[in-house]
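Two complexes, one shared chain (subunit A), two partners (subunit B, subunit C).
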Partner chain A sequence: MKEKITNGMLIALIINMIYPKSIGVSQGVMAREIGSDIWLATIFSCVQALIIMAIVVTIVKNLPKEPVFTGKLKLFINGLKRLIYILLFIFFIVAFGDIMLIFVYHLRDYFLPEAPVWVFVLLGTLIGMYAIFHGIEVSGRLALLGVIFVVLFNILLLLGSLKQFDIRELQPIFNSGVGKTYWASRHMLTDWAAPIMVTIILISDVNKIEFVRKSTIIGVLFATGIMVIWPILEVGVLSAEITAQFIVSCMQMARNAEIGLFIHRYEMIMVAFFSFSIFTQIITTLYCASYSAKKIFNLDDYRKMIIPSAIILSGYSLWLLKDHHHAMHITENQRVTVGLSLLFIVPLLFFILGFIYKWKSSKTA
Partner chain B sequence: MKITKFIVILIAVSLLTSCAGKREINDLAIVLAVGIDKGEKQKFKVTVEVVRASDARGQTGSPAGNAGDPMWIASAEGDSIFEAIRNISTYSSRRVFWAHNYVIVVNEELAEKEGIKDIIDFFTRNPELRMRTWIVATPDKAGEVVSTQTGLEVIPGEALSKLFRYNPISAVSPRTQIRDVHTAYLSESSDPIMARVKLQERVVPNKADGGGGGGEKPPGGEEKGKGEPSIKQIEMSGTTVFKKDKMVGTLSKKETRGLLPFIENVGTAIIPLTCPGKEKEKITVEVKKNKVEVLPFIKDNAPFYKINLSLTTNVVEANCDFDIDDRKMIDEIERNLEKKYKGYIKSALEKGQKEYKADIFELGKTFENKYPEKWKSFRENWDEKYAAAKFDINVKAEVQSGVLLYTPTQPGSRGK
Partner chain C sequence: MDKEIKDLLKQQFNQNLTTNIETIEKVLDKSSDLVKRDFVIHGTSNLRAVCYFTDGLVDKLQVEHVLESLQYEFHKYLATSDGYVDFENSADSLNENLLYNSSVSTTKDLQKGIDAVLIGDALVIVDGLSEAIIIAARGYAMRSIAEPTNEQVVRGPRDGFVENLRTNTATLRRRIRDPLFRIDSVQIGKKTKTDVGIAYIKGLASDDLVEEVKARLSNIEIDGILESGYIEELISDGPWTPFPTIQSTERPDKAASSILEGRVVLLIDNTPFTLLMPVSFWQFLQASDDYYYNFYIGSFFRLIRYIAFVVSLTFPSIFVMLASFHQEMIPTPLALTIASGREVNPFPVLLEALLMEISFELMREAGLRMPKPIGSAVSIVGSLIIGQAAVQAGLISPFMVIVVALTGIASFAIPNYSSSFAIRLMRFPILIASGTLGLLGFTFTIGLLLIHLISLRSFGKPYFEPFAPYEPNEFKDMFIRSPWWSMKKQPSHVTQNTNRVGSNQMPSPPKKGEEDES
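Up next, the complex of A and B:
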């Protein structure tokens, strides 16, 4: 059981943590707001994510070693640390619900409409539990495979759709205005919160921590590259109106792709590739939630928190997915509020913690 | 630890059987074509053409199985399409399965009176269906179209699909798929179109009626003229035009030629022209490439479009003496072709704009792309603005080659 991951695995994890949600459901949500400018909103969110990721990594990586606290200050510091991990745990509950939404709405709605939701949630959670029991490296390795498969997925989609691409559908650019396009990018930025929070948790597990900032920047840029193809194709092939009409717009793209005369309806192949990415998300989120729970209860091993975390995360997912309207309403509204708030609050608390550590160390010295 | 592993394996084995939502192939009625007509008692009459796989293997007319027909035709009525399909399942021994459907045929009477909103909604909402399924309109009964054996194929749905696959050769109907109709329907400016097919009596010259060299009368055949047998065949027949979801009219084959450059790449349209200086003789050109440029402008607070169409062609047949070296003759052919295509475009625009008031040329979209700010004031009353739009059509044709021949095909000089 290895508890360390390579920098390459971290890059792969960042890509996998953003890809599945951002290419379909989020594009549909944004298309309902801004129409054909979704690809611009995607780029906006990626630029913001790059900046936030660089700041967060700098804060967490440079967190000084904890000095010895006594008295009320010790209680305050312990409380602050606990609060940070409680907030992280809440974040991963919401993120897990998001991932289950993607998992269920891709597989159930398009392939197994008669299968009950709980089967998907239970299976996903069980696989996640089994994987993280063997350490975070399992997720890292799966993430590497996931990147290969999402690249293949993109190639398959390009081959099957480029012929139908009409650049006129992307025009006029900034049709809904720069401000509105920027505002719509909040949905994607909420998606970006997941890889950023995962990086906070995993940063100490990376083999070469000195290169971690470079690795995360490469991860964000690579993810941007393979992700931005989707809104461009969705608008250029399907049109903004169709992208906006469907819950999972990327499946509509996949359903639309056709290579030559004999390869059509290959969305099953594409979803098989895509599933590596989804499982990586499930495993990583479950790990991060268990790790946060370990920190909250000050335990020595996260494995003790796998089952309680899995129950809470899957319970929330089942509640979220009770019907389409409920799930989409929360995804479009409350999720954004919670996700973005925590994306700014948690790094800020880390910064305050680091500031106190530094102040205390200099005072002691 | 061993107990945990045992429990995990036990749960996995019971949950990972892949049985959830399973569908056995021998439990499915695989639909290859669906026809939607106006019902006699209820809103819709849905006719499905289901393949009998075991009987669909052999050559045309000689199925390999023993049950008979390679297809099974079933129909039922309902107030919604879904209800009609569910009513089919009251007597179908198998579950109707849509994933392999080639074509949706819509009856024009239904499209005119009830509209196609329900059809678009049903076929895009259903996850089994492909978005690249062909969709066509017909003046005949859609149920009859989907059950008519046509072309060389055993299965009518497959024949219809192939008709579209190779339709750029004839270029008389657009290649409309459910995705195109869906996109146009959702668009705020464009209106949908569908390819139009109809049943046409075709004489079968090598099959005499009632035996004697020809064998039995072909299925669905009718006697015509002097005992010549004929069968109904499905053929492309222009375009059906919609205003939002209601059918408003049709474009003929020639008018469709004027529409096609706006919406798709015309593959190899064949255009017969009069030979320069010889009214009775014909010269045929094949359009190899076409490029259309639609440039919107604003004139008197109304849209004005400059349409530039360039055609690259080959001479593929000449009744008169055609010489690729004869520049004067080529110029004249090019002018003739330009005039002809300008006429096609003009008549298509006239019908679309004046008669049907339907933006089937994506002119609103083109205008919005160039004048996004102006579009905001035009979009509310686009129908009026579109009706007032003026056009300047320029066609530039170029004859590039005479294919294999360099000099004219004319009698030898012996005896001169």
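Up next, the complex of A and C:
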């Protein structure tokens, strides 16, 4: 029996797939470009993500049933399908590197600076492998817990930061201009590509597929709600200049937070909560990569591709994380190019595929 | 089993008494506890009969009644005046007219007859009859009903299950008088032939669940079942997990409440521990008296138990992680106190914690295995004298003693021993990972543990429900115990027949007008 996830799990997966990267690293990158308007760029990206998600879900959900092809057309269709999954696999390699960047830079830079990077990558990948061996439903369930922890994380941060918040830091709005703010939102939109691509893979596994568009929209809106707090707080508490100076600006926020006189360092508790969201990302991305690999090689079970996928994904992550400068350069430039290109190419290919299916079906009928 | 005996057991009873006796004696040989009572039935033409029973398993008074009625009353109903016996319908006539016992049956199978003798019934074979008569005369010595020592409550019934299956089924029947309450029976164990009762309420427990339980039980192939733990391990969903996916209890009230929630309870002969299924992880943190006290009290103690669970699982690991890797996270005055305590300590924190934890487990195990009076002495010597001496010698820090003692006390607060044990066991890998990799090790092991728990199922039901999958309606009876009048539904993940409490059950004082009328 094919494993199913509930619509609630899909919503939770969308939230977890966007949250960890978007609250810190991407805010820092955008702050270096547009200063205090990062919260506006975040909103821009969320609106674009909402539209893209709705279009992508419509295309993939309404993909007609595959008709019978023969001859060269069959070869072409098989090639096209394989190409889609190769592109998806490439996307998930890049996305996995992003997640590992978050995982390593949060835990290593702030807590274990002497530990080697490979230990983090290895343990993170092992968790992912263990979880997806049990199926995507486990990841869905963990995502539900991840959302609870993320909400707790937000509450803890708000408790510790609100008294330092200065709304004047957010002014003037659109200081860098509307166009530049919109252009900066590409970094966040690249982050949004991950939940959108995950939805493409998981859409057929959702229990109530008729409500999937509604679920994804709820997911995007909910994620926007709990995410947009961060750029506002980062600018209002740290200021845009300070936010821009850190790779992981959210950690600086967490480090600044204090509740009363005695609890003045509780970022570790927050990071412990945050880790579960990252684990969900690792697990889901590894699952989607293994699933894509399964489709590429036309296998019956994705589990056969867990180890090869894990080796490729963790290998790329190790290469990406060889030093901070290298990692951030890729993240700010090539990752955006690859991520956004694939975000548009893959749905387009699905659309072409659907169009051919429809054409063939009508011709046969 | 010897092939010859196997073949003999397949035989049926013969009309010739001598042949029957020879066959039975070939099978059972001359066991010292096997009693064979030959007798002649009066008023007949020297009709012989024999009664077999196992000494110690039968109520001798009942056997004597049987023998008396057979010897002196038989001829009145079944023999003609000249002593001739009509064997055609004798077994049924005996059953209907002569035997006073409440449960009498006849059998043609030798195997059934011998099984009856071995479980404590009396077997009567009459010469000329091709059927044997099985008379329920079980009456062996057993422990009287007492309060379960492992699951004590402050408020609640004091009775517990005992080793006798029938007493246990009666204890449940006394609580649930529903005509749909069923206790099906199976026998498991090729040699022990242990009786197992499957208790559930038809229509409330899902048919799929009942069928699944029966199917798993019927698949068991084992020589013997000496305790419910055997069955638990053979039918569990997670054979490799240390966490119990089936709950065991000695408390009839707990078993009855599970049945009322649509679960299935297995009662196993010769053990007071019954098995409840399916279960969720959170049930192991619930105690019976949560439901008997006011809901504020029940909820408060349940929350305390949740804290105990977290402390028991993570407290030593968090301390080791903070003291070894993340000292900056400890508030400065506290960090200085810890550092001063560790000044003369030669061991790394991880080693110190491991030594202390293992010593604690050692003391606990020794205290448990020793005779009771010595056990408490061992605990006192271990905890007070050795602990004090170790601190004074500078081998361990006073803070570590506090951490380990608190962890130990927290683990005692978990009401279920199996799950408390699983948590104790899990503490060690988390401790080692935290002591070697700091926060990374801690989050890694906790993450693995969480994924493991999330992936578990209990009879197909998610083990971590209602957290994952998320079932908001079930939270009424999870962290807190909501008032009874507000818990209108049964746990939806167990049963579909969900009504539990009627509407408008919230009590209130009489309205003003009503008060005046009364």
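Keep in mind that, in the parts below, the second predicted complex is superposed on the first by the 363 of 365 C-alpha atoms of A that agree within 3 Å, B and C clash if a C-alpha of one lies under 4 Å from a C-alpha of the other, contacts with A are read in each partner's own complex, and residues count from 1 in each chain.
One rule holds in what follows: a contact is a pair of C-beta atoms (placed from the backbone, for glycine too) under 8 Å apart; a residue touches a chain by one contact, two chains touch by 3 or more.
It should be emphasised that the depicted structure is a prediction, and the values quoted were computed from it without experimental measurement.
Colleague: Looking at the combined model built on subunit A, do subunit B and subunit C fit side by side or clash?
Modeller: Taken together on subunit A, subunit C would clash with subunit B, as the superposition shows.
Colleague: Please work out whether A:131 is in contact with subunit B alone, subunit C alone, both, or neither, and reply first, second, both or neither.
Modeller: Second partner only.
Colleague: Touching A:89 in the superposition: subunit B (first), subunit C (second), both, neither?
Modeller: Touch partners of A:89: none, neither subunit B nor subunit C.
Colleague: First (subunit B), second (subunit C), both or neither: which does A:111 touch?
Modeller: both
Colleague: Under the stated touch criterion, which partner chain does A:276 make contact with: subunit B (first), subunit C (second), both, or neither?
Modeller: In the superposed model, A:276 contacts subunit C only, not subunit B.
Colleague: What is the contact status of A:268 with respect to subunit B (first) and subunit C (second): first, second, both, or neither?
Modeller: second
Colleague: In the superposed arrangement, which partner chain does A:302 touch: subunit B (first), subunit C (second), both, or neither?
Modeller: In the superposed model, A:302 contacts neither subunit B nor subunit C.
Colleague: Would you sort A:175 into first (subunit B), second (subunit C), both or neither based on which partner it touches?
Modeller: first
Colleague: A:230 in the overlay: touching subunit B, subunit C, both, or neither? Say first, second, both or neither.
Modeller: Neither: A:230 stays clear of subunit B and subunit C.
Colleague: Going by the contact rule set out at the top, does A:239 touch subunit B (first), subunit C (second), both, or neither?
Modeller: Only subunit B; A:239 stays clear of subunit C.
Colleague: Can you tell which stretch of subunit C bumps into subunit B once we superpose, 434-442, 452-460 or 470-478?
Modeller: 434-442
Colleague: Can you give me the overlap between the subunit B contact set and the subunit C contact set on subunit A?
Modeller: Shared contact residues on subunit A: 111-112, 115, 119, 123, 126, 130, 264-265.
Colleague: Spell out the residues on subunit C that touch subunit A in their complex, using ranges where they run on.
Modeller: 325-326, 328-329, 331, 437-440, 442-444, 446-448, 450-451, 454-455, 462, 464, 467-470
Colleague: Using the touch rule from the top, collect the residues of subunit A that touch subunit B in their complex.
Modeller: Interface residues on subunit A, with respect to subunit B: 109-116, 119, 122-123, 126, 130, 168, 171-172, 175, 238-239, 241-242, 245, 252, 255-256, 258, 261, 264-265.
Colleague: With touch defined as at the start, can you tell me which subunit B residues reach subunit A in the complex?
Modeller: Interface residues on subunit B, with respect to subunit A: 8, 11-12, 15-16, 20-21, 99, 124, 127, 130-132, 165, 179, 182-183, 186-187, 362, 365-366, 368-370, 372.
Colleague: Name, in rising order, each residue of subunit A that touches subunit C in their complex.
Modeller: Residue positions touching the partner: 6, 8-9, 107, 111-112, 115, 119-120, 123, 126-127, 130-131, 134-135, 138, 140-142, 144-145, 262-268, 271-272, 275-276, 279, 283.
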